[in-house]
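Read from first to last, the chains carry the letters A, B and C; within each, the first residue is number 1.
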Amino acid sequence: MITNWLDAITERMTRSVAQRTSRRGFLGSVGATLIGGAALPLLPVARAGGGDGQPAPPSQDPGDPTSCDYWRNCSIDGYLCSCCGGSMNSCPPGTDMSPVTWIGTCRNPADGKDYIISYNDCCGKNSCGACFCNRNERDRPLYRPGTANDYNWCVGTKSIAYHCTVTLILGVATTPS
Amino acid sequence: MYRTEFPLLIAMLVASPFVTAADLARQDYILNCQGCHLADGSGAPGKVPNLKGFLGNFLHVPGGREYMIQVPGVAHSVLDNGRLAAVMNWVLENFSRDQVPPDHVPFNADEIGRLRADGLLDVNTRRAELLATIEKKLGVKAVTAP
Amino acid sequence: MRAVLVAWLGLITGGALAADLPVDKVGTVLTLPQPYPAHWVWVQDIAFEHMLDGKMILVDPRATTLREQFKGMFNSSNIAAFAQSTTRPEVYVAETFYSRGNRGQRSDVITVYDKPNLRPIAEIPLTGNKRASAMPGRHALAMSGDESLLFAYFFTPATSIGIIDVARRALVNEVSLPSCAMAYPTGKRGFSSLCANGSMVSFQLDAAGKVANTKVLDPFFDVDADALFEKPVIANGMGYFPTFNGNLQVIDLRGDHAVLGARWNLVPEAERKQNWRPGGAMLTGADDAGHLYLIMHPDGKEGTHKDGGPEVWVFDVAKQTRLQRITLKTWGLSIEATGGPEPLLLVTNAEMNIDVYDARTGKHQRTLAHFGQETPLIMHAAR
């Protein structure tokens, strides 16, 4: 239900600065190095059990992907595919992943690295309706599409019907961008 | 903060044993171009131009070299001239090496700065003209429709 | 006691003592007064959970009962873009349809609805099917200054503006944009767009809808450091663009091309340490006096620009001063001010209801709720 919006905003209003996984707090760190896509270690899928609210076991990809607070969701806008029969990096059955998309960078609290995240939409079916989340770190207006999450990015598929959004890791960022 | 910190940060990183200039160019491609042109440069027929196996063809026709810097997505990029030159060279090397003529001179910051100041307002007309010239001279066609 | 007896007798005898209510005529359909009262508002429900099936709902926010508030509606598909004419009794929605609902053959159209009856009276095909589908704004579909043209924003993801001749009901041209978005009406027959490098480009069109001249306003803002919202208010041809950090950039759009105006800080100096910033979905509004309304939130930082806020600030843009701070009853996401001499401030709140305030006093009057709305994220004062 869209009343998630009220929850999400309330959460943001009360969340303390120290708890925010904002990249701004860590800018200037030169410790991070670039790892190319092929060399990226396979991350264990931090899948929470059926939305029962239990946190995932400690891992390099921590947190609950069905939660708006999940670290990869730092610039997401839409329904979380983990709640829609997909996962944080896979589309639900019968939908098409749009190849064109907006891209952000999010801080992983487990390893302290800034990952480049691609927010591909799954398309061709009506809104999933579960787990709406809108966060806007590094989002910018429509005139800079590459970092604009306000577009319906299902322009790359046969149908622009928007269903949900995944969060694909493209690599680790070296510098603030 | 973004603008003034970058040159120092890049210098430090490029000097480090862990990060190469190619790594940085690739990251710049990912963050600024890949969203539409995709990871392999193939784009979307009729909507996003294909770079893969094609971009270098522009270097064979008059105005083509200038065109690829003056297209809005390049000319209006947030990247500074040096970073933009590096990305363009990286794209040609990684997506279209076979199309680049043997006497090709890589882009540098100065040339980028000059060319992007004269960005194209009507890219579609210019693209169509150049594609027609490329087809006539090289016998290759771009995919322009799905 | 006697009255009760008489009434009882009336019932038993089949109402012989009172005339029957008249029989109703089948087929009566109401029409709307013309012109619409100045304070009416179009509520655009983008139906985020089923976008195919959005709504444009016409409401009277001064009315106190639902019976009087709800005036009529029509459907608008797939985050439609909406525009109104003041010279023709028409409104316009740019929509996207598929032959099988969410799939099949795509067709983008501008549907023309007549103001008195809210019936579709014409359809203008948007050949190429490039209509931008994005969170709603006021300038994805806009009328030219002389209202002879409509401008429709296209996104494939390459961007362009479709030029529509209103009288001919036809798409007559497509103007390619150099990495820019939206169409802010400029002068009589032109538009301006903000661009990815912090510049602005302006186009004037000739009688046939072709580009007559073009001008670029060189980069004047830093998209990373302090981006201009792409959701300005345009009042009397002057564009008022708030920025992420709480400044206001004035851009004169009255002539042939955009001219940069003043830039000033919206937040009084004494309050700046609280990091007040504008934010929301449709965070801007203006009344007929040209006052600017903005949703504001404290503790603003990177990423809060769509959060909405607990207050609406009202500004005299000519004097560059704040006139008042309105404390909202419920957190606000989108606003609009009504037309006419006694404006109301409408606020789509975090519960997806619409709070109505007296714009002059800031006093909350009523909440519009339970009128079939789900995600009424943008409102348009009736024109």
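We take it that a contact is a pair of C-beta atoms (placed from the backbone, for glycine too) under 8 Å apart; a residue touches a chain by one contact, two chains touch by 3 or more.
Every value quoted in this text rests on a predicted model; they were computed, and no experiment measured them.
Novice: Relative to chain C, which chain's C-alpha centre is the most remote?
Specialist: Greatest centre separation from chain C goes to chain B.
Novice: Decide which interface, B-C or A-B, involves more C-beta pairs in contact, and give its chain pair.
Specialist: Of the two interfaces, A-B and B-C, more C-beta pairs touch across A-B.
Novice: Express in whole angstrom the distance between the two chain centres, defined as the mean CA positions of chain A and chain B.
Specialist: Spacing between the chain centres: roughly 28 Å.
Novice: Counting in whole Å, what is the centre-to-centre distance of chain B and chain C, each centre being its mean C-alpha position?
Specialist: The mean C-alpha positions of chain B and chain C differ by 39 Å.
Novice: For chain A, write out the residues touching at least two other chains, lowest number first.
Specialist: Each of 100, 144-145, 155 in chain A touches at least two other chains.
Novice: Can you pull out the residues of chain B that are in contact with at least two other chains?
Specialist: 1-2, 35-36, 47-48, 78
Novice: At least two other chains touched by the same residue of chain C: list those residues.
Specialist: Expected reply: 156-157, 179-180, 195-196, 223-224.
Novice: Tell me, which parts of chain A touch chain C in their complex?
Specialist: 1-3, 5-6, 9-10, 12-13, 22-24, 74-75, 100, 124-127, 129, 132, 134-145, 148, 150-152, 154-155, 158-162
Novice: Spell out the residues on chain B that touch chain A in their complex, using ranges where they run on.
Specialist: Contacts found on chain B: 1-2, 5-6, 9-10, 12-13, 16, 18-19, 23-24, 26-28, 30-36, 38-39, 44, 47-48, 78.
Novice: What residues of chain C sit close enough to touch chain A in their complex?
Specialist: Answer in residue numbers: 48-52, 78-79, 96, 98, 102-104, 106, 132-135, 137, 155-157, 159, 179-182, 193-196, 223-224, 227-230, 301-308, 331, 333, 350-352, 374-375.
Novice: State the interface residues of chain C toward chain B in the complex, per the touch definition above.
Specialist: Touching chain B: residues 156-158, 176-180, 195-197, 199, 201, 214, 216, 222-225 of chain C.
Novice: Under the touch definition given earlier, write down the residues of chain A that touch chain B in their complex.
Specialist: Going by the criterion above, the answer is residues 27-28, 30, 33-34, 36-37, 99-103, 105, 116, 118, 144-146, 155-156, 170-171, 173-177.
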